[in-house]
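Dropping the structures in below, format is structure tokens.
Shared between the two complexes below is chain A, which pairs with chain B and chain C, respectively.
The block that comes next holds the complex of A and B.
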């Protein structure tokens, strides 16, 4: 009983002041989810940010709580796949990949074939799916390139695929072609040009 | 408007068309355009397009060929050519059959190349002033050496009047793994020698082909017996068969030669850019693009927002509080600010002039859990 009271006291004391933007009921529920995540060893900051995002966008309280809970579950899934040593950015990128359609097994395979950090590889995977590449094809492509490619290579690969898609190539075919031409892509890819990546003229 | 010409021919449109038009018609068109392909900056371009066309004296068929040379501000150019032919055969009563073939090839700056070849058949049912058709086309499209199967099934109805023509069509295209449906309605109106043409349509039920509405319009104003001024503008969707990517354009051109009515074409093939397709109808600010410059101690975020009087951003690096950006002193169309942003994946929305929160170009669009969308970017 005393321990429980102490725990509650600690939780209240640890409540993030940024969550004051939420109404009291929503704040209490979000805080409970955040505290549960902390106890499970999951990062709190992404959860707080998701709640703040909802507040800024005028989402109703229950919707914010649902979003935070869902993110907490996804962070747990990502950590299970990527291992306890996964960093916060890796977990967030893992969630993005999962939500794009990658399976936890794909994340685990990526973890086994590539040295950390995996943030960029996971982000490229999510980008490819967002570009219309079927999740399976995107996963196969990233896993094929992951062991040797640098982060910059992966970014260049993603740009090449997106360019091909924009020119009308079917997303899966564009990905396959670029993976098969991986040697050219990787060898030709120099460091990214300095300065902001503003769109070019045709 | 090849379809409109085909309607006339399918009807057997004997008298009016063939008395006025020579059996062989040729012209060349030179113009200037302002084009904005999806994912690219707007660019000026100069174009030259020769066209030649032969029609069977009895209205049984046609052959046509067309080429376009397009040179952009950057000095890059695109070159494309295509040819097609159709042959009509009377069937029972009001029915006619049509067999057609087409082929084309295009190249952009030695970077991207396309080619395609197709053959198709249509069955027309026609009255004097109205009709319809169903048809199918098969072929293949080759992009950078990789062939894809092309299948298109289509149906349409049309209405023909003395000075105007209208049609509505529905086609479903299968190009490799890309699948989409286009619904279009087009009209042509002629009065006092001036020809107005317009088309509106929508791409729906798409997988990999983009979605959205499009529309194009043109006016052809005779400048004499052998010349005309052609003004056109519009937005067109990506054509997965020929390789033209979606974009907008405004064109002014002079046509010299046998003056006929047809659709001006400024579809080129840009490449070599961090392109992101604009394929959805969700809120997007295509004129608002984010650039990220990682510096030693901070990150410079620059939002390219032509025409904006105020730009704000909100993201997980601002605790989702709106933060105004400062207009770039060197570039009136850009707004910038530095932030302390940690390495990793981040979420952002952009607002122009106090309007809705939008996803800026240059980021990955993603559902935001709140019935909206958010842009995602990575800081290395």
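The block that comes next holds the complex of A and C.
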């Protein structure tokens, strides 16, 4: 009895105060998932943020718990593919790429051809799929560009594909054309001009 | 003839044997001149040291290390909402707390500037405290499990 009380007290003390926005039952379940993730060496912050997103959006408790659990599993899959040295942003971007349809093997291949950080490459892959590009085409494109392209080059590539799609090009074809032209474009593009740092748009 | 030369030599010897008054501080001045660095050395060494330090910094390049890992980027979030009374920016970077990043308006254009470390962030706009809107100028979050739209922004850490 005393041990149980002590365990509960320790658990309450370990709870993140930000999770107070959740109802007690949801908070307890989310905390359990977060603790399990910590024990597995996975980052807790993305899980807490997902729970807070659900709370702010007024989602029902079970849906929040399901979302946090699913994210925990996907973070584990991303880490298995990207390696134990993957950073939290890389893991989060890896989850986005996995959910976009990339396979763990694609993540592992990306890890082998590009030096860290992989956050932008993984995000571009996910964002391309969100723009309508088939997952396999997006993966092939990012893997082709990844060895040499800078983060800024990958962002520009994504924007170019999105522009082509908005102008009516089929997503897969737009991606393929931009990848084929990519090497020349990337080699021709110099570094950004020096100047004061201004706020940029997402 | 030889006698005349001997006389000259004798006078020279006498002159050389005559005591000469020597400044008592001469020894000290000579020693100081020997031990003190030459003016040219005083000018060169600081420059050499500075060049060595500059070279070390150029090789180490602490700024490039910082930019690769966690240098924050300044982003401006904008939403056109002429009819709105209030708009908040909420996302992974502010614990989804509407009070943390209220947006300011000018003629119905709402804006907020935030600094974000490298990473991928989900966010959305909360209009009038009840209406969720995604950013029309940013990629959409595909995995929206809560039934409302969100957007994503990625802050890169290398050459972005």
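Simple rule for what comes next: the second predicted complex is superposed on the first by the 176 of 202 C-alpha atoms of A that agree within 3 Å, B and C clash if a C-alpha of one lies under 4 Å from a C-alpha of the other, contacts with A are read in each partner's own complex, and residues count from 1 in each chain.
Methods note: contacts are C-beta pairs under 8 Å (C-beta built on N, C-alpha and C of every residue); 3 or more make two chains touch, one makes a residue touch a chain.
Because the structure is a prediction, the values reported are computed rather than measured.
Following the overlay on chain A, a clash is recorded for the pair chain B and chain C. In the superposition on chain A, A:171 makes contact with chain B only, while chain C stays out of contact range. Within the superposed three-chain model, A:17 lies out of touch with both chain B and chain C [touch as defined at top].
By the touch criterion defined above, A:159 reaches chain B but does not reach chain C. Of the two partner chains, chain C is the only one touched by A:150; chain B is not. Residue contacts after overlaying the shared chain place A:89 against chain B and chain C alike.
Of the two partner chains, both chain B and chain C are touched by A:123. By the touch criterion defined above, A:41 reaches neither chain B nor chain C. Among 22-30, 58-66 or 148-156, the region of chain C with C-alpha atoms clashing against chain B is 148-156.
Shared interface residues of chain A (contacting chain B in one complex, chain C in the other): 18, 46, 49, 52-57, 59, 63, 66-67, 70, 88-89, 92-93, 96, 99, 119-120, 123, 126-127, 130-131, 151, 197-202.
Note for the complex: chain A touches chain B at residues 18, 46, 49-50, 52-57, 59, 63, 66-67, 70-71, 87-89, 92-93, 96, 99, 119-120, 123, 126-127, 130-132, 151, 159, 162-173, 177, 195-202. For chain B in complex with chain A, the residues that touch the partner chain are 35, 37-43, 45, 72-74, 76, 108, 112, 114, 141, 143-144, 146, 148, 175-178, 207-208, 238-245, 268-277, 279, 289, 291-293, 300, 302, 304, 314, 316, 319-322, 342-345, 347, 357, 361-362, 364-370, 372, 374, 376, 378, 380.
Chain A meets chain C in the complex at residues 18, 46, 49, 52-57, 59, 63-64, 66-67, 70, 88-89, 92-93, 96, 99-100, 117, 119-120, 122-124, 126-127, 129-131, 150-153, 155, 191, 197-202. Residues 68-69, 73-78, 90, 92, 95-98, 113, 118-120, 122, 126, 132, 135, 137-143, 145-148, 150-154, 156-160 of chain C touch chain A in their complex.
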